[in-house]
Each structure stands twice: as C-alpha cells, then as structure tokens.
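Heads up, there are several structures right after this.
Paired with chain B in one complex and with chain C in the other, chain A is shared by the two complexes that follow.
Take a look at the complex of A and B:
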C-alpha cells in the first residue's frame, strides 16, 4: 500500500468522528464564545454589549456562592471517595472468595442513572417518612427526624449520594492499575522481610503513580462538573444551599420555572459557561503541576 | 494489518448505525406522513403537555377523524422541558401543526416566530364567544389573537376535615391569623399520629406562589405575580403578610418537616395519608384524589383566607391559553378546522363534564354541568374568582440579576432575616430587569392607574 493510499485510508476512518466533533463539539464552543458578548434571550436580534456579561458575573453573588458550594461538594466527595475506593481496590485485588461478585456490587451504582439514584435517595432521606430517619429515630439515636434535605444538611446528603455513586467506579480504575504492578516486586520485598504496610507504601503507591495521577484528575473534573443528582434531589435548593456551578449554568440555558414558562439567558449563560470552564481548567492545571511528582516516581 | 482494518471498519459501521438509530423517530414520523399522504389523508401533528386528559383527547381525535376521514391526527403527549422541545422542533423544521401553549410563553413564542395568528381564521360567531375573555400578552400580542382560553385553575385552601375536627376547629380559616392559629392547633392535636397543620411544596419554584398568590389576590386590589398594575412596577411588598404568616407557621413547628424540599406529588401523598391539615392548590386536586392518590381522608376546600378577612380583590384564576397553531404548518386550514372543533361548546362542555377541568369560556360555563368527581363543587367559579391581565413576570425574570423571588421568600420563611430589606432589594432588581425588557421591546405592558382587582369580582360567576 503506498503512502497516499494509507493517508486516504486513515482520513476515511478519522473523518466521520472528526466531522461530528467539529459540529457538535467545536462549533458550540465558538457559538458560546461569540454570544458571551451579547444580550440574547433566544429570540429577537442579539445585542452586542461588550463585557457587560462579565461585569455582571463578577457581582453575581449567586454564581460565586455556587462556586463555593462546588468546592465543598467536590472536596467532600473526593476526600472520602478516593481513599475508600483505593482501600476497596486493594482488598478486592486479593485472592478473596466471591471478589468478582463484590466488585460487581460495588460497581453497580455507576451504571444506574444519576437521576434515578437521586429519586431513590429522596425517598430514603426525606424528613417526613424517609427510611434513614425511621432507623435513627427507631433506634433512639436521635429524638426527632433530621431534615436531611433542608438548608443545613442538603449539601452533605448530596455528597453522601455522590460518594455512593462514585466509589465503585474509581475502585475499578484502581484495580486496573494494581493489576499492572508485577507480582515479583512483592515477592522480592517479602524475601527482604517487608510487611504488608511497607509493601503498600513502598511498592503499591509509587507503582500506581501515573495511574493515580490520572484517576485523581478524572475525579476532580467529574466532581467539579457534577450536578445531575442534585438537580433531581433538590433543584439546587433550599434557596441555593445546594446550587453548584454547573447546575447554575444549566438553569440559565434550561430555566426551571413554574408552569414551564421561562426564558433562557443565552448571552449571560455563555459568559458563565466560559467562567466555569476557566475555573475547572485552572484547577486541573494546578493539579497537574502539583502532582508532577506522582509521574516522576515510576 | 488487514484484520485491524476490518475491525476498524466494523466499529465505524457500528457507530454509524447507532447514529442512524438516534434519528429513527423522525424517519418513522416521515414514513407515517408518507403513508397518510399515500392514502390521500392530511396528517396533522398535535403536541400537548396534558397527560391527565390524553384519553379524552384521543377519543375526540378518533371522533374527529371519523367525521373527517381525510384527516389523520397524531397526538404526542410531551414530557418535561416542553418549551425546550418546542424550541428544538422549530429550529429543526419539525414543529407540530397544533401545539399546547402556556400563558407565559405566548409573547415569547410569537416573537420567536412560532405561532400563526387566529384572526383570519376565526368566524364572527367564534370571535363573539371569546371577545370578553381575551387578554393582552396571554391570548393576544400586538392586537392579534394567537390562542384562546379553555379551562382555568381555581385556587383554594384544601383541608383535612378530620384533622380540623380533631383539633376542635369547625370552619376553615378566613384570615391569615386564623390560618396560623389553626395550623398550630392541628399540629398539637395531631402529634401522636404525626400530622402537621400546614404544608407547601417549596421545592418547586411555584411553591410560595401557590400560597401567596391566592391569598394576596383575594385580599388586595392592586395586582398579582408581584406586579402592581396601578403603578406598572413590581412591588413584592404585597406578599409581606403572607411571608410573615408562613414564617410564623414554620417557627411554631406547624409546618410538615421537609416542606422546603417537597414536591407537589409527595405532598399530596402525605395529605392522602392524613398527615397534613391544610395546603393550597387548584381545581385539578379532586381528580388527583380520585385517580392518582385515592384517599379515605375526609377533605374539603374553601376560598383562600385573606389578610384581615375582607375580600378586596379577586382570587387569581390561571387561564388564558390552550391551543396554538404553528406558523410553519403546511396544513393551516386543516389544523384550524380541528382547533375550532376542539374549542366548540360541544367538546368543551364534554371536557368539563368529564372532569378534566373547569371551563372559563362563558358559553360553556353557562350550560356545562359540574363533573361527577367528589370535591369538585369546592372549585367551581365563584363571584370571588377572576382572571387577571398578563404581567411581565416571565419576560422580566429572563433579564433578572441575582436570586429569584421564590428563593428569597423561601429563605425568609425557613431561615428568617430582615424581610423589609429583602423586599426592597427584590423590587429594585425586578424593576431594573423590567426596564431592560421594556427597552428591548420584549413587553408592552404598561401601568393601568385605574386598575382595581375588586372589579374582577362577579366576572366569572354571580355567586
């Protein structure tokens, strides 16, 4: 096969996905980049307003409140999810009877839709007849039902649900990483008299370095962008207490309002979309810089 | 190498196949259209958001198709995000011929170029049937008719008679103070069974409105939806007393726990189980308790209480829009004939008598009997119900900066704070957004200095 033919073959295969990516991936980005300088509600002539949308963004307390909520939500989720899924992965990577079944059980939440999950958790956590409260009150741990979806605890409840949904997924990624570590390293360490903790710290963690870096990066971006279960569970309420960045953004494009009557804010939404992308991008960059060491150890 | 290429080719085909599968629905629609065309029929597509009456509408469509064998009508009952589905349908040239429109969407959809005016299609007789119920920016935009009303939502205080009696209360509250007091008594008497005096579906963006609008429109004569028609400005101070009463109910512990994260259906489920003393909703409730949440509870409904017991205004009836016709339809004449038939007294009388809603069309209301549904008698039009002019609330919230009114009121009810300061800030932000909307030509609603909601009394019924 000559070079030209090879090129044609390669481009033939690449072309469909490239065209679709350009249409559905790249074009909307340029669309948003344009409209963030416009006042546009989806009808009438878009009005060029320069940087007005960004001025509004900087004084928009609701948006910055949603950014803070996002950090609490993502931070809380990651702090529990990553260590927990790592420990589970280490346990389920061993020759344990029924480990395949356990892996499947832990992974199950990943394949259930976030919205369905949120509805089920609403039934479990609601204050008036939720199972969690019935258990807590029934066993005498608390005297009155806890308002899990109220202003005080709603974000915590959202974090608990997020952890439940994510642990299995990251566990599986960790297992994939663990299985790439050559067994003879552990054997050699055992001959040198290393205990389980020593092996974990001196072999498992360093050897997992690059995989760990990718898993944490994925976890950070996914957590910062997560909003689906919160949308179903609380719609960002009560009064903005569980509003996260991407839910705030979603509502500007697909407003939730009484009777289904509402107007999109495409112009301002595009500006918020740009800002959220910059925030997530910056955090990812900082993370890459800080986590360089993880990659070097290998 | 060859093996790899086959693998790649196979994967590409699979992906292409999955993409084709995504568009299968449209192909089916087209195919159906072709079948209809092949048999000499005209196909009309009709989008609705009403699930509760879909059986009735399907039955009427069959009846109409029987009368007009040349017409084939496909009804699609859409799910949530209806407005977005309509946007997508129009931008991709797949819009239905006939579509259900909500009151607040009428001006926007006209501006987006979706709707065909009814003016050139309506007969003089039809114009006269509706001439007294047409409202600017609900039915008409810049003088042209785009939709006509059919039924209205009549708002009431719905209460559990058993819980009221258990607490020693004989009558539903007629003032806000009584409502707060009754909620307290019911909670005290119902503690052992886990019953609470009051509940609201505050998770929904309409949660606060469902309580505040009926009470305030019946109590005051200046406006609704936060809009003061007399000044042409937003003045959320009209809801101060209601917000304070709800805050009191919350502080008294008389509000069903978790109300701030409650949707309407879980609320109804709790009411059906006898856990809620009272709440506010509209004329759909009797059919809900007949079919969706059958209940043993003895319940009734009453006119909303007022701030001090006097009824200076008229309880807001949500009505105004129903069917609209697509500007892109290739079969406008045929679509109009069907729309005209659905709006006929014959169909609308059957609609009310079947229990699907309470009509606001004067010629229908005059002859239709009350449907055979327990409790509907509490929701029939009274002299204290009235349909208000359109307000610019939807168009204003499209340009609003900061927190919407519903979140501000919910925050006060469940968290407290300085209500006067909150109201001042709300008014400033909403009026600034209104100015922008006006400047952009999005609304033509102006002040009506002589507006008096009291004059709406007796507009729908004499008693």
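Take a look at the complex of A and C:
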C-alpha cells in the first residue's frame, strides 16, 4: 500500500517534466519523420511522395555544398580551439600568480550570446570602415583594408568568431579533467627524471583518456550544429560561402530576406533535417570508433 | 650526455646564471602568450564599448580606438528610439520565468528519480537523454509553432517560455547529481517525524539544494537570455515582443533609414551588460557548472 502510494507520488512529480518533453521535444521529431515522405509547403493538403525528397536531397548541390562548408567551419574551429584550450588548461592548472583572473577572462566570452557577438563582429569587422581594419591599416600591419565579410574571408571570419566563443569553455573542461589526475604521479615521474614533455605524453594524455575523448566528441557535435552566429553575421552569404548545413535547413523552414529559396518547404526540410542528424550521428560514431581503436593501441 | 660533459668546465655560478636567465626567458614567453590570448578574449568587448560611444561618422572613418567625444546619448537613443527598453523588458520576462519554471520542473523530476524506484524510471531517463543527443535543428520549430497556435499562445511570450522550459534535460541531469548528494538519512529522519513525500521535497530537499539551485539558475538564465532563434521565429511579425538578441540583430537592416553601427554597438553593450555584471560577481559559479559537467 505504502509502496503504491510512493509510486503515485513519484509519478506526479515526474509528470510535468515528462509531458512537456513528450509534447515539445519528442513529438516534433515524429512530425519530421512523417513529413519527410510528403510534399508539404505549409498550406494545402500534404501529398505523400515516398522517397522523392531523398532523391532530391542527393541531387541538391546547394545542400552538399553546405555540408562541405560545415566540415571546413567545424574543422577550422576545432583545429585551433582544442589545442589552444588544452595548452591554456595545462598552464592554468599549475600554481601561477593570477590564474583565477586569467581563467575568468578566458571564460568571459562564453557568457555572451552568440548572436549579440555576431553583431559586434559584424560592425568591427566591416570591410571598409570597420574598427579592425582601421586599426590594422592605421598601425601599418596591412596596407589595404581586408574584406573580412567578402567571399574570400567570410568563412574565416566566422571561424574566428567561433574560436573566440569556444576556447574558454573547453579550457575549463580540460582543467576539470586535469584536476582528476593524482599529483603523486607527477612527483614519481620527476624522481625518475622525466621532463615536462615526457610527463605530458606519459601521464597527462593517457590519464585524461576517457575525459579527453568525451570533450572532443562534445566539441565535434557542438561545432557541427552551430549556425546562430553565421546566420546573424552573413546569413550564409556572400554567394553561399558561409552556408552551413543547419543554416540551410533553417532557411527551408523560415526563408530569410536575402538569398536562398523564398518558399517554405516543410516536407523537403524534414528530409534535410533527418539527413543532417544522420551526418552528425555518423561523424560522432566514426570518431568514437577511431578514438577507441587509438586507445586500444596505446 | 656528451654535450653535458662538454659544458662541465663552466663554474657553478655561470650555470646557475644561465639557468636563471633561461627561466626568465621562458616565463616572459609564457606571460606574453597568456596576455595575447587575454587580449584576444577581450578585444571585441572593448572595441564594442568604445565604438558604442562614438558618432556614426567617427565609427566609420576614425582611426583611434578611443572616442574623441564620448557620446553617451547613443545609449539614450538605443533605449528610446530603437526600442531597447521594450526588448530588455521582454528578455527579462522570458529569462526569469524560464529559470523559475525549469528549476521547479527539474528539481521535482530529479527528486523523484533520485529517491524513488518508480515503474518506467529507466524509460523516462532514456527519453530525457535522447533529447540531449538527437538534433534535427530548426525542423522542430515548425511543429512547436503549430502547437502554440493550437494553444493560442503564438502571440505571447509564454509560447517561447514554455518551449524553453520543455528543454530542461541538461538542468535535470545536473540537478540529479545535486539531489543525490543530499544524504538519504535526512529524508528518512523527516519521514519518521511525520513528513510525507511532498513535505520532504519542500522542507528538506529544496532548502538543502539552495546553493546548487543558484548555480543551475545562473546556467538556465544565461541560456534563456542569450537565446536567439526561438524568440526570432516566434516574434517575426510582432516587434513589440522581440527580445534583446532579436531586436539587436534586426538593427542590421536599419531603423527606417541607413544602418547605424553606433546604435548596434550600444544595443550590443546593453544586452551584454547584465550578463557581464552577473559574471563579475558569480564567475566561480559559472565555471563550476561547466567543470561539473565533466566530472558528472
């Protein structure tokens, strides 16, 4: 009797959470799983068309172009962010005067909205009259203003913004991992005459193993999914140079004023959403498999 | 090894001095590196602040970092003309109610999951973790919007708030850890003293959770305050409901006439300011939360 009452009590406490999650978290996924087989533009009767949307997807050059851009964007971001934040973590994990202040400064960008920062970068990176160009030209580092948001550099600028927003976060995650490594391992290694690099490779990296794997996996998925700042900065332009796949997907549902298609395409959009989720899932799996193999070899 | 022996004729004093100068050099390089990264982290914020105090003309043609004339009136203009007073109120409204709702629903579920082995617990936790990992991007916004139309909430901020609260999986998993850290003996003692399931939650768990609640609240508040795409989609046709993030991005297209970068920067500073002030006082809590997600 008492046990049954406890069951009911527990369920009344879980119910609000479960109901909200089912309605707003789970139902939309099934909505997409249904409409990816339909021709549906938001009005009129949805028309069942089988796999036509996926056929179109494979021929959709714009989409695959955005997939390539996503890889460049995510890859460029991670290539700088992860090593940089790891180095910072190792330095700031040691006894160092002012390390609390430095940590706080490095972490500061992560409390600011990506969209707000994109506006700031949009103004200060503006091609001919932005503050960055004024300072670069004024101090003689470059002779002519750089077209930061033009076709040539826009993706690079987007990557710089992404790095700016991410380094502090991963630094902190690495520090948390480093603090789990017992100090006496390093002391023992010092007694055996190991130098700092040796300690890094023989203690820090292997001891950090699973945490490192988790952080990198998190970093990969987060950077593949990010599109907020690009949307505000360039809307994927110029000429689709900064179009990433989740932004392309967004535009199929909520067409933006400049560029891209101007018609809502819920059916095709659902198929694209499914495909992007699969792509992210596959990359995560591949990473997981490879890093596990590497761990085994180690 | 042989090189070491070759260096042996040096006097002890010389060696000590070269070691010392080497140390000094590496320390200098280290600090140079650290300060360079710090400059990288701070430069857009500093440029935004100085830029927000310049005139449009100086911002687009000037060559100095500091404004010649500090135009605080930009902020007044952003606040009044560009409607930032309204945006700020909307952001505060959304963030406060999202935080309260998330904490309430999250702690209730976390308490039940941490303390009772109810039927279907595994399934519930699985569903919560799935919502963390499966991401189909903007697709979900469409059915979510339709649902709100069905509820008649698409024209109020409550639609945005409810959807933000429904995404409470992260807060839920953080809170489970916190509830588990409260000793079970306290519950049992309270039960003996005549408490029931509900009064234990209100009288034992919640009070003991206060510091953890503060940290989770900060985390949730930051997320709601910085949210851009969800409020954008819900307020596209209703400027009066826009939040700071949405209204600010809208300035890119100019208010009536040409774009005014000094107003964009003033608006950006206005929307960053509350988070930065909170961060200055509570940066340890912010960082503790991030670090906690690794230790899990």
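Points to keep in mind about this one:
FYI, the second predicted complex is superposed on the first by the 270 of 298 C-alpha atoms of A that agree within 3 Å, B and C clash if a C-alpha of one lies under 4 Å from a C-alpha of the other, contacts with A are read in each partner's own complex, and residues count from 1 in each chain.
Just so it is clear, contacts are C-beta pairs under 8 Å (C-beta built on N, C-alpha and C of every residue); 3 or more make two chains touch, one makes a residue touch a chain.
Since the structure is predicted, the reported quantities are computational estimates derived from the model, not experimental observations.
After superposition on chain A, the partners chain B and chain C are seen to clash.
When the two structures are aligned on the shared chain, A:126 is found in touch with chain B and with chain C. In the superposition on chain A, A:288 makes contact with neither chain B nor chain C. Partner contacting the larger number of chain A residues, of chain B and chain C: C. By the document's definition of touching, of the two partners only chain B reaches A:237; chain C does not.
Once chain A of one complex is fitted onto chain A of the other, the partner contacts of A:13 extend to both chain B and chain C. In the superposition on chain A, A:176 contacts chain C only, with no contact to chain B. Within the superposed three-chain model, A:201 lies out of touch with both chain B and chain C [touch as defined at top]. Once the two complexes are overlaid on the shared chain, A:149 sits against chain B while remaining clear of chain C. By the touch criterion defined above, A:254 reaches both chain B and chain C. In the superposition on the C-alpha atoms of chain A, the part of chain A touched by chain B in one complex and by chain C in the other spans residues 9, 13, 16-17, 20, 122, 126, 129, 254, 257.
Of all residues in chain A, those touching chain B in their complex are 9, 13, 16-17, 20, 39, 41-44, 47, 56, 59-62, 122, 126-129, 145, 147, 149-151, 154, 233-235, 237-240, 254-265. The touching residues of chain B, when paired with chain A in their complex, are 5, 8-9, 12, 15-16, 19, 49, 80-84, 87, 102-105, 108, 111-113, 194, 202-206, 209, 256-258, 260-262, 266, 270, 275, 318, 394-395, 397-399, 401-403, 406-408, 410-411, 414-415, 440-442. Residues of chain C that touch chain A in their complex: 30, 34, 37-38, 40-42, 44-45, 47-48, 51, 59-65, 105-106, 108-109, 111-113, 115-116, 118-119, 124, 127-128, 130-131, 134-144, 147, 162-163, 165-169, 172, 196-198, 201, 222, 225-229, 233, 236, 244-245, 248-249, 251-253, 261, 264-265, 267-268, 271-272, 275-276, 278-279, 283, 286-287, 290-295. Across the complex, chain A meets chain C through its residues 5-7, 9-11, 13-14, 16-18, 20-29, 31-32, 84, 88, 91, 102-124, 126, 129, 131-132, 134-135, 137-138, 164, 167-169, 172-173, 175-177, 180, 211, 214-215, 221, 225, 227-228, 231-232, 246, 249-250, 253-254, 257, 266, 269-270, 273-274, 276-277, 280.
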